[in-house]
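Inspection log for the structure reproduced underneath, given as structure tokens.
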Amino acid sequence: MLSFLPPRFLASSYAKIAGWTLVAAVILFPFFVLQAVDHNGQLSLAPMTYRPYVLAVLGVFLGLCAVFFLPAPLRALGQSCPDFAVSDVQKKGLQVLLVVGLLLLPLVSNRAELDLATVVLLSVALAWGMTIVVGYAGLLDLGYIAFYAVGAYTYALLSTDYGVSFWVALPLCALLPAALAFCVGFPILRLRGDYFAIVTLGFAEIVRTLLINAQSITGGPNGVAEIPRPTLLGWGAADLDERMMMLYVLALAWAVVVYFVMRRLRVLPLGRAWEALREDDIAARSLGVNVHRMKLSAHMIGAMIAGICGAFFAAKQGFVSPESFTFLDTAFLLAMVVLGGMGSPWGVALAATLIVALPEVSRSFADYRMLFFGMVMVLVMIFRPRGFATARRPSVVYKPASGEKTS
Amino acid sequence: MSNLLTVTDLSMAFGGLVAVDHISFAVKLGSITAMIGPNGAGKTTVFNCVTRFYTPTSGQMVLTPEPESALDLHTLSPYKVAKKARVLRTFQNIRLFGQMSVLENVLIGQHNLLMRASSCSVAGLLNLKRYRTAEKDAMDLAMGWLEIMGLTEDANRPAASLPYGAQRRLEIARCLAGRPRLLCLDEPAAGLNPKESLDLKNLLKTLCYQHGITIFLIEHDMSVVMEISDHILVLDYGRLLAQGTPEAVRTHPDVIRAYLGEDAA
Amino acid sequence: MLELGYFLQQCLNGLSLGMLYGLIALGYTMVYGIVGMINFAHGEVFMLSAFLAFLAFVGLQDAGVMSLAVCIVGMFLFSMAITALYGYALEAVAYKPLRSAPRLAPLITAIGMSILFQNFVQLTQGAQVKALPPLLTGTNILGMFDHFAVTVSDTQIVLFISTLVTAVVLYAVIHKTPLGRAQRACAQDAKMASLLGISVNRVIAITFMMGAVGAAVAGVMVTLYYGVLDFYMGFLVGMKAFTAAVLGGIGSLEGALLGGVLLGLIETLWSAYFGADYKNVAAFGVLIFVLMVRPSGLLGRPTLEKV
């Protein structure tokens, strides 16, 4: 087609940049420039404005230049590892510092900040739960939010309809999602990974449809309101400040629990088996690993964590509706897990904090954030397909000098 | 010597293609049995049937691990072949857990034992002494095999970063950690240099005659096969062409014809 | 409710919906056949094509084109051409750089791309629903059953014809042309195909484009048939089309159409007799059931894991 051009040019980066810029210019044109306006049922085109279009094409052009002319720095960016060389002692110190800081936070922050901090902590815990499923076991669960929803609705309905207290409902909020995870996972986890991804996506849609349509039980699109707030041995009932403080402390405690469970599971045979089947499930089977059961366990443990997070969410908001559990929310979670490094708890926590807190800090960012996350997800996977924290720490380390091991 | 594995009338067809055609053989306890034959003769398919990754079209496969009762491999799923029958295998194109460390790879070989010790993770989560002891024993066993394989120094490296020959040895070590009754090796000498090949021969002899592990291997390297095998099976076009001692197979007219052509026989 | 006429009319409507699903399912099935992966962004490609058809129509009206036939042909050509380019770009960004990456990686990039596409359309075209007045308003009575007139609309006739033409063309390309031979070769063994001088990358890119063209036909038809579009429409439709592809047997063109038609019938009849509230539950229930009972689908062949 373009054979009249010299072959040397066609093979060069210039030709590729020119070609791709042209493609971008063509495919972006209709969406940026053509806008339909409706005058009493009569459709016509709005006056054309070219500024955003030209800027977008220019952006693509510059991006292409970066990819083709600066491959080395980009690759270096992709391969260099922000693996902070911290010793175990320093790490312990940092952890203690962080926990103390988080404990002192309520004393120095106002209500809005404390509320945001609670949301962040719950999101981090939820993202950690998903890390077990996606990062450790390599199961792309696109319906993770459904278990969160089931947990939230379980507490909401038990407390409003039957007056069950938070602490009594909590185990059910874990067990019900786990049972659902079993029912969905049992038949599907035998199949290939991408089937699992799409079935879980469908499952989340089913759960949402049920929540919307089963009006008599779930309150339909209006959701459940006036969910009683929990109290901790009488603490948290006095006024709003005390209640928020207690919810914050509960969220913090729950995040710490999830952190320890996930860290501990990783160094146990169960966690090692998850990673093994993620790497090569045929080899894992040949060594006697019950791959199906291991996958199910990851899926169910993830669902339990999501369910309890959901109960905390319902208790904090005092209100739940199907709106909070869309695919978009799963996409957010996935972005946290992927950007955080698919298995590194601190990376995921950092990503979750940024993703939840940034839109609060800058409202103008909120409009573009999904566009931005979509783009970043693609770029991260292209340049670092194993996520950000690529330096994996072995779950056990052999120390030759003493012959002893540490976990 | 008694038979450890008895295969009777095994057939495997993929659609119209018959990859394995009614073959019967036995692997004797405490021996080294080799399976040879041209590419596409159905050797790996036999392995895949024995380890139950494939379900054979017909035939029986029975493991007789005395003094325990006989196991019908046909009724087991792949992971149970490893867990219950303790038939462990390696793969033609090495399958390691690449991102995991060498030591972790070997610990996966002891997965079921450690799972039990951690009471399905409950004892492990609580870090009970019972689990810690079991983990320590597993580590010692793993390091023991890694030492025999000459991989002690590499224990903490990601498995994918090992050189090719070391990866082959790691794959064997990983199986050994699972205390195999029958060790199935799919072309263990493929891609090894002469020195490594020699080491492999000695290793397999040690495993068989000192550790008492029955070995069943597929191999193209005749120097390995002829020197170490007690019994050789020759496959061609899915059929068992001949079997016997290395001496008998070497002089078998059908084998010579299959390997060297019609005229040589 | 249980009258024959009503039932037949619903079947006809289900067939129309099913053909839309089938057209989109063709893209899933072709891409899966060749790269062995689900193109998660395919639903979004369909959404883009519907917007392109809508914009083409408004643009042509504005330019003073009065003839409806010209308008519809213009919508088809414009939407198909640009959507094919989107398919090409999608493959180049989300799949090509990740040929040797872990299996999860291209799935995640494809999800990233679909988020990107959705928000791109939302930001440039606005979040509100776009509505197009019905263009083809004619209906034809097929027959009377107990005073119930079973009708087929002109739009449905166009839909049937365009679906069959698309399916026949795609089938012919895959089974009768050198390109199709290359595609089938890559689907069997990409490495061997590349050793024989087939440019695997190009074949994969073309397959994505062909899938996108199928989605574009569906996009135009949705614009003509329903006339309602929004940036989020690709999500559900894409999932259902995938269900159709799985139902028919992923990897098989005939299966995609068959699965689409079956799913369309199931969904429409469910809505007709049990109400529309749970039609999505019924559709995904079908997906889960098929995967449990017969993962290879109705027309697919069971595959053996390569050990």
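The first chain written gets the first letter, and so on, giving A, B and C; residue counts start at 1 in each chain.
Criterion: a contact is a pair of C-beta atoms (placed from the backbone, for glycine too) under 8 Å apart; a residue touches a chain by one contact, two chains touch by 3 or more.
The structure displayed is predicted, hence computed values, not measured ones.
Asker: What chain lies closest to the overall centre, CA atoms only?
Answerer: Per-chain C-alpha centroids compared to the overall one single out A.
Asker: What pair of chains is linked by the largest number of C-beta pairs in contact?
Answerer: Highest contact count belongs to chains A-C.
Asker: Could you give the separation in Å between the centres of chain A and chain B, each centre being the mean of its C-alpha atoms?
Answerer: About 41 Å, centre to centre.
Asker: Please tell me the distance, in whole Å, between the geometric centres of chain B and chain C computed from their C-alpha atoms.
Answerer: 47
Asker: Once you find the CA centre of chain A and the CA centre of chain C, what distance in Å lies between them?
Answerer: So the centroids are 29 Å from each other.
Asker: Residues touching two or more other chains, restricted to chain C: which are they?
Answerer: 305, 307
Asker: Out of chain B, which residues touch more than one other chain, so two or more?
Answerer: If we look for residues of chain B contacting two or more partner chains, we find 53, 91.
Asker: Check each residue of chain A and list the ones that touch at least two other chains.
Answerer: 282, 386, in rising order.
Asker: Which residues, counting only chain A, touch chain B once they are in their complex?
Answerer: 261, 264-265, 268-270, 272-273, 275-276, 279-280, 282-291, 386, 392, 394-398, 400, 403, 405
Asker: Mind listing the chain B positions that touch chain A in their complex?
Answerer: So the residues of chain B touching chain A come out as 51, 53, 78-80, 82-83, 88-89, 91, 95-101, 103-104, 107-109, 111-112, 114-115, 117-118, 120-121, 124-125, 127, 135-136, 139, 143, 152, 155-156, 158, 174-175, 178.
Asker: Across the complex, what residues on chain C touch chain A?
Answerer: Interface residues on chain C, with respect to chain A: 37-38, 40, 51-52, 54-59, 61-62, 78, 82, 85-86, 88-89, 92-94, 97-98, 101-109, 111-121, 123-126, 130-133, 235-236, 239, 242-243, 246, 277-278, 280-281, 284-285, 287-288, 291-292, 295, 305, 307.
Asker: Considering the complex alone, what residue numbers of chain A touch chain C?
Answerer: Residues of chain A touching chain C: 20, 23-24, 26-27, 30-32, 34-36, 38, 41, 43-45, 52, 134, 138, 140, 142, 184, 187-188, 191, 193-195, 197-199, 201-203, 205-206, 209-210, 213, 282, 327, 331, 334, 338, 367-368, 370-371, 373-378, 381-382, 385-386.
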